[in-house]
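Alright, structures below, take your time with them.
You will see chain A twice below: alongside chain B first, and alongside chain C after that.
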Partner chain A sequence: MKTDPTAERWTAVFLSDDAVERLRRAADRPETAGTPYTIVEELGRGGMGTVYRAVDATLDREVALKVSTLGQADPEEAERMRKEARVMARLEHPGIVPVHDAGQLPDGRVYYAMRLVRGKRLDRWAEGRTLSDRLGVFQKICEAVAFAHAHGVIHRDLKPENVMIGAFGEVLVLDWGVARRLGEPAEPQGTVLGTRAYMAPEQERGRTDLVDERTDVYALGAILAFLLEPAGPTGRVPRAIRSVASRATQREPEARYPDASAVSADIARFLDGAVPAAHRENIFERLGRFGARHRTAILLVLTYLVVRALLILFLAR
Partner chain B sequence: MNKPVFGLVLGGLLGVLDGLTAWFTPEARPMILGIVVGSTVKGLIAGVLIGWFARKVGSLPLGVAFGLAVGLILAYAVAAMPSATGKHYYFEIMLPGAIVGAIVGYATQKHGGVRTVRA
Partner chain C sequence: MREDTDIGGRLSRFPTTRRSAVLAAGSEDHAEKERAFELLVATYWKPVYKYLRLKWRADNEQGKDLTQSFFARAFEKDFLRSYEPRKGSFRNFLRVCLDGHVANERKAARRQKRDPGAPLLPLDFAAADGELVGQGLPAGQSLEDYFHAEAVRSLFALSVEALRAECASRGKELAFHFFERYDLDPGPSGEPSYAELAADHGLSAAEVTSQLAYARRTFRRIVLDRLRAVTGSDREFREEARAILGRGIL
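Up next, the complex of A and B:
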């Protein structure tokens, strides 16, 4: 049978993955008529929805617009997205992205608008940074999570990909999609939510009844361990800071820090030159820390003693 | 304790200790009392000046440099005084004196100066 070569070429173009993906994205592009938002581009896509860069015509500013996935008829998913928006809106903290608005698009999809964060994800930002830079950022993450804990909210999906470092060094914890308010009924036993590499053992086993602040503490410990490896340009990681990561990632929740503020306090102790509560230092570490803290004073006193001893010897001759 | 007072106390204390090291030099031993008194007075004056500077200028390198300079100048004044033997110990007095001044400069920059605010 004779075939038309032109038809073959067209068939090949239509079946390419790129073209199919483009068509799918075009069909999935939300209809924002009736809202003040105009979609500019897609920023990212997750299990629960797609985030777009959009312009808010009313306030003449750019926002990030999270829209639930097209064809997602599941009312539970829509409710989960509304809940995410409500949780974020309640947590007014510099380390948590503020939500500006939430609602429903003409096509029935749920959306919420939040601050557009320009910057780098923690995993990409960390490359080539010094240990003190990394710990400074980690402390800010702990502070944001501690704020949520103080307001009875646990994140349940903390990981480097869910932390954004802004252009001016601001640290923002994102993706509160699976966050839960303590005291609210937990999901049925066996439900596993989160990301396996940063998941506490009780979360991995689906023990939703045991999930609390210490579950987030485990994830924070895993993030700290991630930030310590590789150690960055300075190379060496002190044992004291490894002890903090180790205590946070203990298998049993009782053995971990009680909440994120306790992790933050231990990091602050380390950054101030003191010993973290999680670490028991040996005599050499103690001497090393003392020497590092009082280097100039020790140097001046030693210089004096050496000069004085040399003068006594010189005059005795 | 404010910085000038802290400098005064530390300068005086280090002055006493610095003067007492003369005991290790047999030829200076008979004059040890005068040396200790002179060294203490020098330490007190240097301490107040260095403490005053620390209150005005909050900089560790400048504080140490100022302490070194004050210690050196005051030690020069002491060394220039005629001794019983008529001999001057410029090197032996000025070098440790300057280092003691630097130590006081460091300490007054790092410590002291806690203020109490009254409503």
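Up next, the complex of A and C:
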């Protein structure tokens, strides 16, 4: 290789680790000039973008601003972000974060503004909660996902980290970045999207042609299993509710619930004191459930029988 | 912060480009191949030298000689052509080639005999040694991660210089000055406020915001363009860019 030592030389500064980190932040900082948003702080980072707490000067309110990482440098990522915003905007449901606005920043990155949810992620919220609280929240998650399924949308990345519990108990399903509308062309075979611990076998194998509502059902079952372990203050988890998690996480899609509304219905059955469709009761469970459902009547009858027996004994003396 | 690196070639010879220098390094066009090599050497020589010193415990002279011979051989033997993007990142390929080169050199128990007439690359090894004294391998960091971190440090350092040159050529020296004071080297007292920067130059805070936004946007573009040039495929570029800009690596 020929290089001319007498040629004009150029110099590069030495950058400390701190300087590299500052430069990285400077290069990554979204340029919001020309938009109503002012960045306040970073809330979190994902594979596709970063979410910031920002102030919307027009409406004088705080919002969550999701900004893509690469923008024009990665047209596929930009399109995925736009698609995510469109999917969320179409799904108007109390369990799905509303999108207020979407667009492109002057630096070419795609953004969308959504409601700023103040609360805890499900994985952090669950600790120390009762089984009843956990199942109540799980049912709300199922309802939000069932709404999406009814509108032909599969989430494909359900996991505790993507569920937020608000300060007033509201439950919101987040991160619809890899959601797909049923009927749209699937990604090429072998494409693996989602998070392994909550991923259905067909999704893990990259069988994009087999991914449907039952793929989300599998993830819901995995979330339910997560919520059942540890068992919470009572320490005991009924077999019936474990059966729901088990049916939802069957290896073969055909063996699972058909969609999220069916999971929700089975949870509702359990909470109402009935037997979930996924569970086969044994005699002891049946007696226990009968006792729990008719506790007052049983107590009245028993009281009557005891009083009657005492009376007979008293009169027989 | 101090100046420490001298390397052959002019900044103007490294235009910001979307073409991969990794691919161009295997070009039949000698001039294109030479330009591509200069860009790759500019980005990777320091990580290579420091890696040799740390992993192979090369002393100063061995490190210099192995760095020179590695790049010389890569150019002469065209072994960068054998890089296949589907098998992994170019950075890892380069590191594996480097390990192979050192093993061969040591096995033969002789130093690479270069053509005595061939010019050496004017690399500032003394500066790299100075960085190593204060730096070393951080506890818990693998050599692979270290090599990656050094490659990013080099990429950012070169991008800062490219930003300085671009700002100067466009009459935007003030934008670079604000970038330097706010983002690059705020000093021990920390970042000045936009109002303080504005007051120092008799400007409004909005003008400082605008100048800084220009500098950051340009810096971001330069980093991405240079990164695209020193990665071997679009996929590698996107993954590296996300790792560098999206999550942080040091």
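Basically, the second predicted complex is superposed on the first by the 292 of 317 C-alpha atoms of A that agree within 3 Å, B and C clash if a C-alpha of one lies under 4 Å from a C-alpha of the other, contacts with A are read in each partner's own complex, and residues count from 1 in each chain.
Following the convention adopted for this analysis, a contact is a pair of C-beta atoms (placed from the backbone, for glycine too) under 8 Å apart; a residue touches a chain by one contact, two chains touch by 3 or more.
Here the structure is a predicted model, which means the values were calculated and not measured.
Once the two complexes are laid over each other on the shared chain, residue contacts for A:251 go to neither chain B nor chain C. Residue contacts after overlaying the shared chain place A:286 against neither chain B nor chain C. Using the contact criterion defined above for the overlaid structures, shared-chain residue A:29 touches chain C, although it does not reach chain B. Using the contact criterion defined above for the overlaid structures, shared-chain residue A:308 touches chain B, although it does not reach chain C. Contact with chain B, but none with chain C, is seen for A:316 once the two complexes are overlaid on the shared chain.
When both complexes are overlaid on chain A, the residue A:19 reaches chain C alone and has no touch with chain B.
Of the two partners chain B and chain C, more residues of chain A are touched by C. In the superposed model, A:297 makes contact with chain B only, not with chain C.
Against chain A, the residues of chain C that register as touching in their complex are 1-11, 34, 37-38, 41-42, 71-72, 75-76, 118-122, 127, 131, 152-154, 156-161, 179, 183-186, 209-210, 213, 216-217, 219-220, 223-224, 228, 237-238, 241-242, 244-250. The residues of chain B lying in touch with chain A in their complex are 18, 21, 24-28, 60, 64, 91-92, 95-96, 99-100, 102-103, 106-107, 110. Here chain A touches chain C in the complex through residues 1-5, 7-17, 19-29, 31, 33, 45, 47, 49-50, 69-70, 73-74, 77, 106-107, going by the rule given at the top.
Only residues 296-297, 300-301, 303-304, 307-308, 311-312, 314-316 of chain A touch chain B when the two sit together in their complex.
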